[in-house]
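Shared between the two complexes below is subunit A, which pairs with subunit B and subunit C, respectively.
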Partner chain A sequence: MQHLIGEETVSSEIRKALVETLRVGPATIGPETSIVRDLGAESLDFLDLNYRLEQTFGIRMARHFFLEHMEEMFGEGSAIDENGRLTPRALAVLRARYPEATLPEHEDGIDMDEVPSLITVQAMTDTVMSILDTLPAGCSCGASAWRAEDGTHVICGTCRQPATFTNGDDLTRQWLSGLSEGSGLP
Partner chain B sequence: MLFADKVAVVTGSSRGIGRTIALHLARAGADVVVNYRVRGGSSERQANELCAEIRALGRRSLAVQADISNRQAVRALVAEAGATLGRLDFLVLNAARAPFKPYERLLDRDLRQLVDTNFLGNVSCIREALPLLERSSGKVVFISSLGSRFATPSYPLGSMKAAMEAVVRDCAESLRDRGVAVNAVCGGIVQTDSFKILRQVWDGLDRLSPEVLVSPDEIAEVVVFLCSPAAAGICGQTIVVDRGLSNRVLR
Partner chain C sequence: MTGYGMITPLGRNADETFARAAQGQSGIRPITSFDVRGLPCGIAGQVDDSWLDDAVATHRNGRLASRAVRLMLLAATEAAQAAALTDVEDRNRVAVAIGCHGENPSIEEILFLHRFTDGNGRWDAAGLAEAGGYDVQQFFRRKPDVAAALVAGTFDCRGPNLTLVSACAAGAQAIGEARRLIAEGSCDVALAGGCEATVDFVGLVGFSLLRALAERFASPATASRPFDRRRNGFVLAEGAGAMVLEELGHARVRGARLLGEVLGYGDSADAYRITDSRPDGEGAALAMRGALDDAGLPSAAVEYVNAHGTSTVQGDIAETRAIKEVFGTRAREVPVSSNKSMLGHTIAAAGAIEATLTLMGMERSVILPTINHEVPDPRCDLDFVPNVARRQPHRVALSNSFGFGGQNASLCLGCCDG
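Let's look at the complex of A and B:
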């Protein structure tokens, strides 16, 4: 856990990125605002958002959604069935990933295209915070003197090299592995 | 006006290269149908803004939602263009949709989507638009990319671009007697949304010299040329617009 960049800063930068990318008014953005459903973001917008956040915090966001990682880690069909609907296993992962989210209720299951609408401003904030929290104890130069430059970039106070964080895809894979081993997913 | 009374459909034109092409065609006098894929999202908003911009130029314009991977939607797109604007002279095939992953990581449905949109979707557009294009001795311009001929990291779209360049050659021959010209523009590294994506999957892209980065305007200018009478002698060609990137072994 790092204490150099707080959740408030991350949330504020995400709002700023949303305003710039989607050209929406800041007043329309709250923690529970769905980036897809409420703000109209599409897949290309997420890439733009991610790029802005990467530049802002010096991190690397996940290139692939957790459903894609599941399919790669546990085999094709493990997360999404042949009709594009989430498997019971993916549903369990989804609930773990977005515990606060109200999942759509359909008799025939949740379509994979409905999942991105669960990404709220708060969920994105949590994602960025989880990457920032992988800040290592010390710099490769041996010093343990991290500091936040401009409030958003963590650098070594001794050698001034930028901090290296675990990238978003690796973090998702680690999280899925832990979930799979720990809780006995269906 | 070069394209006075002409009508163009530009697929995938709410943003990026398609948007710039639509604007250039409108500035040259054409009325433009702006196509976008997702209803209710940011692209619909941008498509409507683009239409307003085109109308401010004194041209007619309408935004039509259609996912080109859906044959019925393509049929409706062409029908709406014909019914509202009365004719179709230029079909610019710009829409593309693909995951940015290497081939070995593509899922079956990724592959299906790749083919459905970028090959079958484009072929559907040509087939559905053909009756209107024949009537106006129209032009088809496909927007390709260097991925059609060079290995590009995490860019399976390249193989679809290659397939479509072949379709361009074939259709140019088969449709020539029906008065329809078919050509393509192959863009290098164009500074658009896709560039933002490539920057994320292609390490080192940020270190490329800015002199090799193509602007959307440079692509659009060549599309306008291919739609103009000046290009009457060009048939089945793919014109590379890459600021020389593919012309050198070392850079």
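Let's look at the complex of A and C:
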């Protein structure tokens, strides 16, 4: 955990990034706003959005979605079945990842294409917070004097080097292995 | 069509490329021309350049040409020689239409320029001049229109001169627009084609950022796997393709050999998103129907589809849907194959190379395979001519090319009776 950059700051920076990337009015953005469904973002917009957040906070966002990481870690077909729908295992991970999300109700399961719609402003905020929370106890120079420069960049108060956080893909992988060891996913 | 030529990762000319493709060979290899360590994809379809420089040295404009344009000049030479283009008397009636993107700046060029700027918009122009100045050839290499200009100059084509800059649809659009120029009477003959050489650091980084390239594969040769369940992106490739198109009566009068016919051309736009294709394949279907309408043929006449089939997850599904939309209950009976499984994706050249391979296949009664088709995907459930070429006479085909920005082009091609 870190206490230098609060959730308020993160969500306000995400709003700012959304306004700049998607040219939408700030008033249309609430915590439960879906970035794809409500704001019309497409895949290219996420690259732009992630790039802005990386520049703002000095972090690395994940390049791959958790479903892709599952396929990589647990084997082909572990997340997506042959018809492009989520496996029971992927559904359990999805619920853990987005506990607040209302999942679409279909008899024949959720299509992988429906998943991006579940990413809300709050979910994005949680993702950035989780990366920021990987701030190590001390800097590689030995000091433990982190401080937030400009409110968003964590630097070492002694050597002034920027902090290094775990990158988004590594964090997703760590989270997935923790999840599968801990709670016995199907 | 009275002549064709190409240079691809599989061959130095059209015959070599076709022969290797008919054996199901892959032209994809690890990238050797620059350092790819740390990049998520380090493979591509590259043209062997050990002989390339010598071959281009004979061209008057070879020096000014980017790598893509040098490939274009080679393919155009092969096509022009086959068609005996120099025999055409009225040079004002010979058009050129080329799909081309300008060359990406090289890291060396960026580094060199970097020495003369303070990063805040101020340039040390005197210092730049002292260091030898900026090479004017670089300026030409960025310009996409130079390909059509150099081809026109080299082959003395003084009619309409078009450049198509429409990503993966460019090569097919060049051929389609050439057909239109001939049909509307603006020219008698057209040299049409496309070229691409973006297997460089900037090109690879750009497509990697878009997450468009294959990143998970057992070996380079199996990375491009259109319509297979394990596909996960396309493989970048370089090459060029050219054909000489000619008004039928004009070709007959001068006794040119007829090698095939461009029967129709359809084009459309998804008007959807910049990098995602429409999931329902509606734009692609519109282009295919347009090509058939232009040819005055029903979909029942089509005996083969040369697919765009890039090996991306969503693109292949959308194209499958579009083919089903156009062919209805017959969709599963029509052989559909993707040359990109062997050649990789030659972007602006792809449409020209693939249309030519389609016409060559008709001439030889051979349908080229989709290689690396191992694990069927229920969402892509057509006859993809898996892994082995098929000996089968066919007389009418569609060749599809769909661009990254939603530009869709489809050519209806026909066998010639001579």
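Rule of thumb we're sticking to: the second predicted complex is superposed on the first by the 186 of 186 C-alpha atoms of A that agree within 3 Å, B and C clash if a C-alpha of one lies under 4 Å from a C-alpha of the other, contacts with A are read in each partner's own complex, and residues count from 1 in each chain.
Definition applied: a residue touches a chain if its C-beta (ideal position, glycine included) is under 8 Å from a C-beta of that chain, and two chains touch if they have at least 3 such contacts.
Remember, it's a predicted structure, so these values are computed and weren't measured experimentally.
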item	value
Clash-or-fit label for the pair subunit B, subunit C on subunit A	clash
Which of subunit B and subunit C A:R63 touches, first, second, both or neither	both
Subunit B versus subunit C as contact partner of A:L22, first or second or both or neither	first
Partner chain(s) touched by A:N83 [first = subunit B, second = subunit C, both, neither]	second
A:T102 touches, of subunit B and subunit C: first, second, both or neither?	neither
Between subunit B and subunit C, more extensive residue contact with subunit A	B
Which superposed partner A:D113 touches (first subunit B, second subunit C, both, neither)	second
Partner chain(s) touched by A:L47 [first = subunit B, second = subunit C, both, neither]	both
Set of subunit A residues, in rising order, touched by both subunit B and subunit C	42, 44, 47, 63, 72, 76, 84
Residue numbers on subunit C that touch subunit A, as the complex places them	40, 209-211, 216, 229-230, 273-276, 279, 317, 377-379
Residue ranges of subunit A in contact with subunit B within the complex	22-23, 36, 39-42, 44-45, 47-48, 50-51, 54, 63-64, 68, 71-72, 76, 80, 84
In the complex with subunit C, residue positions of subunit A that touch it	42-44, 47, 63, 72, 76, 82-84, 113
Interfacial residue positions of subunit B with respect to subunit A in the complex	15, 38, 40-45, 100-101, 105, 107-109, 193, 196-197, 199-201
